[in-house]
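Lettered A, B, C and D in written order, each chain numbered from 1.
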Amino acid sequence: MARTRPRTTPLAATALALALTATACAPAGTGTDDDTVTVGLLHSLSGTMAISEVTVHDAVQLAIDEINADGGVLGRQIEPIVEDGASDEATFAERAQKLLQSDGVATVFGGWTSASRKAMLPVFERNDGLLWYPVQYEGLEASPNIVYTGATTNQQIIPALDYLREEGHTSLYLVGSDYVFPRTANQIITAYAQAHDMDVIAQEYTPLGHTEYSTITDDIARTAPDAVFNTLNGDSNVSFFQQLRSAGVSAQDTPVLSVSVAEEEIEGIGADNITGHLTAWNYYQSTPTDTNTGFVEAFTDAYGEERVTSDPMQSAYNAVHLWRAAVEEAGSFEVADVRQALDGTTFEAPEGTITIDGATQHVVKTARIGQVNDQGLIDEIWSSPQPITPDPYLEGYDWAAALTG
Amino acid sequence: MTLLDIRDLTVTFGAFTALDHIDLTLDHGELRFLIGPNGAGKTTLIDTITGRTRPTSGTITFNGHTLNKRSEHHIVRAGIGRTFQTSVVFEHLTVADNVDLAASFRLRPWQLLRRPRTPHPEVPDLLERVGLTPHTHALAGTLSHGQRQWLEIAMLLAQHPRLLLLDEPVAGMSAAERTRTGELLTRIAADHTVVVIEHDMDFLRRYARQVTVLHEGRILTHGDLATVQNDPRVQEVYLGRTPQETRP
Amino acid sequence: MDALVNQLPTGLAIGAVLLLAALGLNFTFGQMGVINMAHGEFIMVGAYTAYVLHAWAGLDPTWSLIAALPLAFTLTGTLGWLLELGLIRHFYGRPLDTLLLTFGIGMILQQAARDTFGAPNVDVPAPGWLTDGTTLPGGIRLHHSRLFILALALVCVLAIAHYLHRTHQGRQMRAVIHNRDLAGVSGINTRKVDATTFFIGSGLAGVAGVALTLIGPTGPTLGANYIVDAFLVVVIGGLGRLRGTVLAAFALGILNATAQAWTDASLAKLLVFAAIIAFLQARPQGLFTVKTRALT
Amino acid sequence: MTPTPAPGRRTPLARLRGPATFLALLAAALLLLPHLLEPFRLNLLTQYLCYSIVALGIALAWGRGGMLTLGHGVYFGLGAYAMAIHLTLAATAADPLTRGRLPQFMAWSGRTELPWFWQALTHPAAAVTAALLLPAALATLLGWSVFRQRVRGAYFALLNQALAAAFVILLIGQQHLTGGSNGLTDFPVFAGHSLYTPTAQTTLYTLTVLTLAATYLLLRHLTHSRYGRLLIAIRDGEDRVRYLGYDPTWAKTLAYALSATAAGAAGALFVPVMGIISPTLIGVVPSIMMVLAVAIGGRDSLAGAAAGALIMNTAQTTFSETFTGGWTYLQGALFVVVIALAPHGLAGLAHTARAALRRPRTPAPAQETATAGSTP
C-alpha cells in the first residue's frame, strides 16, 4: 500500500547507493608489467549486435592466442581485458574510457557499428589511445587514434559498381536500412551512376529491423532493374531475400549485390533464398591463399567445425597481428611510437598481403566480388586487378567532388 | 421554488432504454427518496444528472442552467454533489486530507500548489458532524464500511452543494450505523436539497417523506410514503418479482 | 485510388501478420486486462519450435510447419499458463505492475534463447510450395507465404469466434469477462477460466511465431519487433473485441502499406502513429467499446 | 499496514531529521566524492545521477499520479539532442578547420545549409531553454490531448511506448538533421570552456548534483501540497475526483509535463558528461529501464526513486563487468522479484525494516491503525 512516507529512510537509501558506487569504484589494474601487456577487447557480447560482434571477438581471441603461443609481443604475453559494449553506444564510450583510464591498456580492439565507433572516437582522442576497428564502413573519417582494418567505400562500394558496370548492369535499384552507412553508400552510388551513365531507378530505406518487404520486392519485380544494390543491415536481409524470392525475382534476371551479407549471415537467411546472388567484400572463407587455409582451420579447431569465417572476422584477426608488427617495429607499446611505426606495416593475411597506409591509417586491400553457392559459402568471381589504396574522403575521384562538400 | 427540472429525459444504451421520457422536478429543501426494483434506472438517472452518462434526448435544468453537455466537474461546481453505491474514498490519504481535498476545489490552481500550513478551516467541524473526529489522522483505507460512507458524506458537505444525490447510503450498514446515518440525513436535509436512492424498506419507513418510484425507466408514481406504499402498481412491481431488498 | 488498389494485397498481408500477433493479446490483454510484455517472447518461442522440429528433429519443411503449429500452441500456451499460475494471478487489478513484471520475464526468455540457439538468426526453410508467388492479370503479385498467413489468421479468428460463442467453455469465458462476480456466484470456476484464457492467448502467440518464420528472421528478438504494433492493434480495436482487433489489424496494415507507397517506410511508421493519436481523440476507447458502470 | 505519522504531529527532532540528512548528503556528494573518486568513476557517477533526475520525474508522474510513462526516453532525448546540437555547432565553430562549414554528416547527407532549428540553438542559453521547454511542450500537448479524452492506465502506457518507438524512427530516418543512428558525438567545448579538462568534469558533476537536489526539493514541495494529494487521489480514483469538482486533465498534464522537463534537464546534462547521444539511448527499452529503476528504488518515494536509478546503473556496470551474459538473467530476475515481492521497492523495504527494528515483538492490531495519528 502506498503511503506518504517519512523522508529519512529513502535518503538513507541514497546514502547507501552513493557508498555502493564508491566501493564499486575501487581503482582497477594497471597496463603493463614485465611479463604481460594488457589490451582491451570491446565488442557487444549481449544485445542485438552480439549476433555479429561475438564472432569478431572470437577472431581477436584466436589471434591473441596465436601470438602468445608464438612468444608474445616484444617478449610479453598479451593479456586481454574483455568488456561488453552491450549493443549500446554509451556503453561503448563508457567502457572505452574505463579501458584507457582505469585499466591503462596498450591498445583496444573493438566496435562494429559506426555508431559505436563514433561514440568511442572522442574518448580515444581525449586519452590519446589507439583503437583497431575491424568493419567496412562509410568512410569520411581518418582519426589518428583509430586504425581501420576493414574496407572504406573505395575498397568495397566503388569496385562493386565497377564490376556491375563491366557486367553491363546499368539500371540499379537501391535498398538500404535507414542509417548512416546505407545513406552515404547510396549517395556515392548515385554520384557514380550520374558520372557513368547508369540509372538509379529507386532508393528505398526501411527502418532497422524492418521485416515487411513485399512492397519493395513487388516493386523490384515490376521495374525489373539490371541489379539491386543492397545495403540492408542484419535481420532485414532475411525478410528481404525471402520475400524477393516469392515475388518471383531470380538471381539470374536480377542479381542482388549485398555489402553487408557475409558467410555468417547466410545461414540465417537460408542458403536457398540467396543462392546465386552477389556480395562485395575483401575476403571470403573460400579465398584461396595458404594463410587462409591455416586461418580457417585454426578457427574451426578453436570454435567448432560448423563455424564459418567472414570478412569482418578476418579484419579483426589481422588487426591484432598488424598491431604486433607495428609494436615490434617501434620497439615500444606507447601509442605515439606505435603510430609512427604504422605506415608500411604489412601482414601476410588470409586475404593476401595487406599494408597499412600511414596517411589514413586504413589498410591497402583487394576488393572481391563473390557469388553465394548452395552450400551457403561464397565463391569469388571477380577481384580488383591490384590492391586498392584507401581513400576515405574519395579525394581521388572527380565525380565525388560534389559529395565531400 | 424549483431547483432541478428534468424534462422528457431519455437515455438509451444501444437497443436498451434505461430511462424512458422522464419528467421530474425537485424543489428547494426537499428530501426525496427514489426507489424501484433493480434495473429501474435509478442510478442511471443520477449518472445522467451528474454528467457521467449523456442523455439521448431531453433536458436537465439546474437552478436555471442547462446541464446537458457539461462535464462532471463543471456540474459539481454548479452545486450538485453525489455519492456512489460502493463508497470511493481515497484510501491512501488521511481522513482529514480527504475532506480537505473536497473542500479545496474552489481554490485556484496555483493555490493548490502551495504547501498548506493548516487544513481547510471547515474540516474539523465537518468531521465532527459525521462523527469521525477521532479518526482525523487515520488513513481512509483503514476505516470501516460505515465510516467510509460518513466520510463520503462529509466530503460531499465540504463542497457546499445545493443538491446532494446519495446512492444507497445505508447499504451494507449495521442497524446502529443505519440509525446514525438516518439521523445525519435528517439533519442535512434541514438545510439542503437531498435525493436518496434506497431499497431498505425499514429505513424508508423511518426517514422518507416524499417518494418517487421508478420502474423500467419510467416514473411509476410519486407521493408521500403511505400513498406510494398503498399504490397497487407499486405492490405489483415489487411483489410480482423476487423481493429486491439488497443487491449483490 | 489506384495506389490503394495496388497496395491492398500488401496491406492485407501486413494486416494478417499484425492480426496473428495481436490475436493472443486480444485474450490476455483484451479480455483480462493483463499487459503481457513477454507475449513477444512467446511468439519467439513459437518460431524456435518450428526451427527445432526442422533442424533437430529433422522433419522436412512442410511437415515441420504443419507439426509446429499445434506444438507451438501447446508449448507457449503452457508457458503462459505457468506464468499466469505462478505470477500474474497475484497481480490482477495491477496491470501496470504486470507490464513491468512480464518485461523482466521477457528479458530472461530472450537471453535463454540466445544461450540455447545462439545470438545469430537461425534458418527455418519454408516449404517449397510457399516460397513462390502468383501474378494476377492486373500485375498484382500474390505471395503464397502471405496467402498462407492470411488464411491461417482467418482460420484462427473463426476458431476463436466458434470457441467463444458456440462452446460451453467459451460462453463461460465471456460470462467471466462480462461480470466476474456474477459469473463466480453462478458457479463458474473463474480461476479455471482465467487460466484457460491465458493458455489460449499465449498459445496463439506460438502459432503467430511459427507463421512469422515464413516471412522474417528467426532470432531471439523476433517477438520484440512485433510487440509494440500488436498492442496498438488491440488498443485501437477496443479491448476484448474480436471484431475490433480484426478490423484494426487490417486497417493498420493497409494504412501502413499505403503510406509506405506514398513516402518511405520510416515516415510511414510515423504517419501511422500520428493517425493512432488522432483516432484516439475521436474514439478513446477504440473502435468497439464495452459499456461498464465500474468506477475507476 | 503501518500507519503514517501525521504531518502536523512530528516531533521537532523528526522535523529536523529529513533536512539534516539531505544537507549532509548534499555536502558529502559535493565536497567529498570528487576527491575520493578517480575521474572515470566520477564521470560514471555523474551519468547515473542524470538518470536519478529522470527517476524523480517518473516518481511524480507514475508513483503519485499513476501515469505509467513508458516513453520518457523521448523527453530525455529532446533535452539531450537540444544540447548536443548546440555542442556540435560549438565544436564546428571552435575548430579552425571546420569553422563556417556544416557539420560533416550534414554535408554528406546532401544538405547545403543549416536547418532553422539548428541555427536557433547556436547560443548556449537557447540550448538550455530548449532542453527544458521542448519536453514540457510536447508532454503538455500529448498529455492534454489524451488525458482530456480520458485515455489512461495501460492505454496511456502503450501510447507512450509507441511514441518512443516513433521518435527513434524519426531520429534515424531524418539523418540529415539528426545524425541518424550514429547520433551526435564529440563535444569538446561548451560556452567557450573545454569540456575535456578534469575541472570541467567536476563542474559538470557539481551541476548535476545541484540540479538533482533542486528537482528533488521542488517535487517534494509539490507532493506535500494539496496538488500532491490531488495527484494521489487521481491515481486512486480519477472519476471520483471529477465529482469533487476537479478537472483531472490539467492536474495530470502538469505532473506529466514536469516529469518530462526533469527528463529534459537530465538529457541536457547527460550529453556533455557522456559525450554522445544516439537513438539507441532513448528508445523503447531504455525508456522501460528508466521506469524499472524507479520501481526498484520505490515508486512512491522520491528519494527512493533517485536512489533506485543510482543503484541500478551501478549494479549494471559492476555486474556486467563481472559476468557479461548472465547479467541479463540477473537483471530480469531482479525486476520480477522486486515488483512481485517488494512493490514499494528498496525504499519500502527500508521503511519496513526500520519499523520492525523500532517496534520489536509488538504485533500491530488492525484496529490500532484507525487511530494512527498519535503513533510516532
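By our rule, a residue touches a chain if its C-beta (ideal position, glycine included) is under 8 Å from a C-beta of that chain, and two chains touch if they have at least 3 such contacts.
The model shown is predicted, which means the values in this text are computed figures rather than measured ones.
Distance from subunit A peaks, on a Cα-centroid basis, for B. Put simply, the chain nearest the middle, going by average C-alpha positions, is D. The distance from the centre of subunit B to the centre of subunit D, with each centre set as the mean of the Cα atoms, comes to 43 Å. Centre-to-centre separation of subunit A and subunit B, using mean CA positions: 71 Å. Taking each chain's centre as the mean of its C-alpha atoms, subunit A lies 34 Å from subunit D.
The multi-chain contact residues of subunit B, meaning those touching 2 or more other chains, are 84, 88, 91-92, 139, 141.
Counting partner chains per residue, subunit C shows two or more touched chains at residues 111, 114, 264, 266, 269, 295. Shown for subunit D are the residues that touch two or more other chains, namely 1, 4, 169, 172-173, 232, 237, 239-240, 325, 328.
Chain contact summary for the complex, subunit A toward subunit C: residues 46, 48, 50-52, 54, 178, 204-207, 209-212, 214-215, 218, 221-222, 235-239, 242-243, 245-248, 264-265, 267-273.
If you check the complex, the residues on subunit C that touch subunit D are 29, 33, 35, 87, 90-91, 95-97, 99-101, 103-108, 110-112, 114-115, 228, 231-232, 235, 264, 266-267, 269-270, 273, 276-277, 280-281, 284, 295-296. For subunit D in complex with subunit A, the residues that touch the partner chain are 1-2, 4-5, 7, 14, 17-18, 21-22, 25, 28-29, 33, 36-41, 43-45, 47-48, 63, 101-102, 104-105, 107-110, 169, 172-173, 175, 179-183, 185-188, 196, 220, 223, 232, 274-276, 278, 280-281, 297-304, 306-307, 310-311, 314, 317-318, 320-321, 324-325, 327-328, 344, 346-347, 350-351, 354. Of all the residues in subunit D, the ones that touch subunit C in their complex are 62, 68, 70, 142, 145-146, 149-151, 153-155, 157-159, 161-163, 165-166, 169-170, 172-173, 237-240, 284, 288, 291-292, 295, 325, 328-329, 331-336, 339-340, 343. Within the complex formed with subunit A, the residues of subunit C that make contact are 7, 10, 13-14, 17, 111, 114, 119-126, 130-133, 135, 139-141, 143-146, 214-219, 221, 225, 256-257, 260-261, 264-266, 269.
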